[in-house]
């Protein structure tokens, strides 16, 4: 029983991180119509920056509890990186998709190496953050309190993002722009600004994903590529450009993955891709996709 | 398969030559040897060209496996610097090194090896971490008649199948099957009561091989053990929570894992917080092997911590084996970190080659042909930091006594290390198939000669 | 004799009746104009008949064959072709290829994969012939994207015409061109069409053009037929006048 | 008549140029090192893959991010033929491997052409990754991450065998001409295809799907056939590649390899017939020397890719022909 609960928690934990990554990917596509292949790498950057900051802080004798504050800092850094990179993409908004895919693919290759240039080959960890919180007992088993925080952040992010998009003026601008770029600019919206902020938010989400997960794991080279593919599966299932889609997709993927690990370890990965392929067949735009 | 006979476990382990001792003591097969770094004995015969000796070192500079690649490269460079300080091979030929990134992918590596030989004009190819790459590159090296000494890439498959009659290819580190068997012996020796075994392994040949040989050996050492849970996370996985929970759900007595590198760091940190280490014993193949400083102080104690059944820098320790003491000191001075088995392997590679070249020169004079150098490498015994290394002439495989220890947090190191008083050593000859043993496809279809050998010859332990 | 007949053909967009139980007949050999203010349903009707839209109800009979739900390519094979109001060409292909493709398609040669398109002399001859009829022969090697607007309008018609349809819909063949070009285009189109004995239905706003070239004129308003007759009859029709003057309907 | 002239001349020039290039390629091995010869062989094979890929991207307007699947299928079918049937003849590899690649492409294509644009791309990606995971996971069939070894085959129905003394050298030289011949045939076939009525129809569909439909073209079928041919060409590249490489691993099925195929095609330029050919060869050299030159080869490739897309969107061949056109313009004022 307690095993079941913990596996469910594990899935939710995994889902919240996946959601953060996929929602960012989806938001960027929804508004800017760009499939950002470098998105997973933004997630990795978030992890590395946070782990590095935490390491420094601990070394400087900052009490572990305070290092919690470094998580938003890490995510913010990625958002800034996004703001810096967005101008690079501007020439491609009106160009064919293949160009957008390729320029972001190039970006992926570059960033992956830049990470290595900055932090080298050794895995970075930030677990002092995790140990600030006690573990919770489930029957005979224990579950790290921090993981519950990660789940909470995932939920909060989902609600927050929803609120921003559907309850604020800025959200209206976002949706207007995603509906029809020309119309939006005709209505006097500063589309350029909308794009920058959408991209920054998307990067922030990815960065946050990396920042909250790194204390429970390690920041390692290549983590971004794996994340990207999983995020792809998520948005394909949920629907590119759909927030609900990212949420449901993330839940499906993480629960299927857990079930795969528990019951049929041999084809754990293949199942995910098959689900994606099947969804694309019956509903090419994904479960919640429009466009 | 013929029915295994039954013998008493203690006798059995004794027969395997298993010794449990402190790092101060010499393990099996250790003989105090001459100092490693010393000017060549005899002056070189004949005229030696002073053209540089070009080596190609291919290893992981990128990807998660860089944690193994960098030590390998550092060991190579350090040896090259030392040898060059004496004027190079035979005091004349300075060692030049060109590198390539193993992470470019097996297929790109094949291309790159050809480029190094045909364009880079290298005299020696060395390095290689991944057991997926040696079977690809071995045949190419033979094809190019290029003297090649793999540091790792330890799969039995290389000399069992890919290059059954090696001429130019050698390998310095212990073979893969030794990992599983060593962990199994360590387990039987330490925790004879375990019966229910859980497995978590990276889903590629290394993990598969480790699981298979561990299980085979354990069946004989601890009859009645059963596999109660299996997980095969993809190499590069960082979220193990579901795998850990699955393993715990089967409440096993022992978890055996071949997860390594960044994956292992992520794994033990999560396992720790899921209370896995309180629930079961844990045996590993590579936990402390990757890079000593990669494992934090938070690593639990008493884990059977594998080092690829090759080498850990604190063993043989003390002044009992100065070769190692001095090697570690020099390495730490040069790189400001401690060596791992890759560092030692690539370091020893160049020194064994040096010895072979010197002998060959004494035989034929001048700069010896590869054929002569190879003849000297075959069957060479050598006193290395890790102990006595022997290159078997039949399969060009380097053998050293297998070692495995238990994790412990000592004040003198900023990371988790081996318990100095509990190191298990096993004479390698007792856990690998003898030279004459048929290779897979020759009368049996086991995955390795070792597997077939265990099935056919190992008795079942009792008591 | 009747070539095309629609029976109670209807199509709704939301609560807008694009076509409201339209019974439309086209007789063989006539040059018919479909007129009416914007949103009267002219283009929708053509879209329904050509297969660009699926009707909500009603039937489409072409030479007594029911094509109501037939896929586009079957309608083409049956002999219905159309041009487009907003020019719809293959801009990266040469003018020659634009027309040649219609002929290949018509001749079922378009599936030929092991033969060079330019080596087919029959097609080449016919294509060049069609192009010269439309006065585009000199441009045959130019990319369609590089033509002037007037030429593009003509080519659009030429592409449809090259299918040798029995019934050809021309959706505002003169929209977006200067008055001088208009006459030139319509002269060319009507002469070619009549020469080729093709039945044509033209959607047109310019009433001068309409009265000048049509044998028969059908007037649409809010998805229904309002008037149907010879140019003279239509000229005399008061409702038509009102609509064209934009005045509200008396009835 | 005008038309005939204006069309015929450039075509003649083209044939002349092609003949010259072919002769040069045939003479090359006697002037370059063995290594260069085998690298060029890799290049020609990559060119075949890109050529096939571009029928889809350049001529049909569909961006596949899953062509690694067909390359891999080709490669693995050879490996299986050798391991499970003991076949060593290159001709048999091709004769049996091609249908396999064609069938796979037909199946994948049937599913994928229901969609276009980004959805098409992602669907091809997803399907190719299914293949990748299966190859990776079922290691007892496919050798998993170790892949499968493929020895040197015999060429020309066993007339040429490569064993014994400097077999490798003889193989590379022999195999270069073998691949060159296949390459030449592929180029001719593809050239005919894109200039056939069918090829024109594909371009029509690419430019204007709606209008193409109103010529009576059955869009999906055309896309499907294009997909099939495209995949089969790329599969052939995979078949030719294995013996040269000596083994095949799941890496050739992994999506970044699809990315490389797209990369090389854009490098040359996907709006030209010759673009992918040039791109395939150039990319082979680019990656090989990037990996050799620096451990930051990924960064290097990334920068090249970004600059390429920004500055030379029409690829190298596209840029060259554009400048050539400009020059011609200057010569004869309009």
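Should a chain be cited, it is by its letter among A, B, C and D, assigned in written order, with residues numbered from 1 in that chain.
FYI, contacts are C-beta pairs under 8 Å (C-beta built on N, C-alpha and C of every residue); 3 or more make two chains touch, one makes a residue touch a chain.
This is a predicted model, so every value here is computed, not measured.
In this assembly, C is the chain whose CA centroid lies farthest from the centroid of subunit B. In terms of their C-alpha centroids, the spacing between subunit B and subunit C amounts to 79 Å. Here the CA centre of subunit A is 52 Å from the CA centre of subunit C. Look at where the CA atoms of subunit A average out and do the same for subunit D: the two points lie 34 Å apart. Chain geometry summary: the mean Cα position of subunit C and that of subunit D are 43 Å apart.
Shared interface positions of subunit B, defined as residues touching 2 or more other chains, are 61-62, 234. Within subunit D, the positions touching two or more other chains are listed as 136-137, 298.
In subunit C, no position touches at least two other chains. Which chains touch which is summed up as A-B, A-D, B-D, C-D.
Subunit C contributes residues 50, 52, 71-73, 76-77, 81-82, 84, 88-93, 96-97, 100-102, 104-106, 109-118, 120, 128, 137-138, 140-141, 159-160, 163 to its touches with subunit D in the complex.
In the complex of the two chains, the subunit D residues touching subunit C come out as 2-3, 6-7, 192-193, 195-201, 203-204, 206-208, 210-218, 225.
Per the touch definition, subunit B reaches subunit D in the complex via residues 61-62, 99-101, 104-108, 110-112, 114-116, 118-120, 131-132, 135-136, 139-140, 143-144, 155, 157, 162, 203-205, 208, 234-235. The touching residues of subunit D, counted against subunit A in their complex, run 57, 63, 65, 111, 114-115, 117-119, 121-123, 125-127, 129-130, 133-134, 136-138, 255-256, 259, 262-263, 266, 296, 298-299, 301-306, 309-310, 313. Here subunit B touches subunit A in the complex through residues 60-64, 66-67, 69-70, 230-234, 236-239, 241-243, 245-246, 248-249, 261-263, 265-266, 269-270, 273-275, 291, 293-294, 296, 298, going by the rule given at the top.
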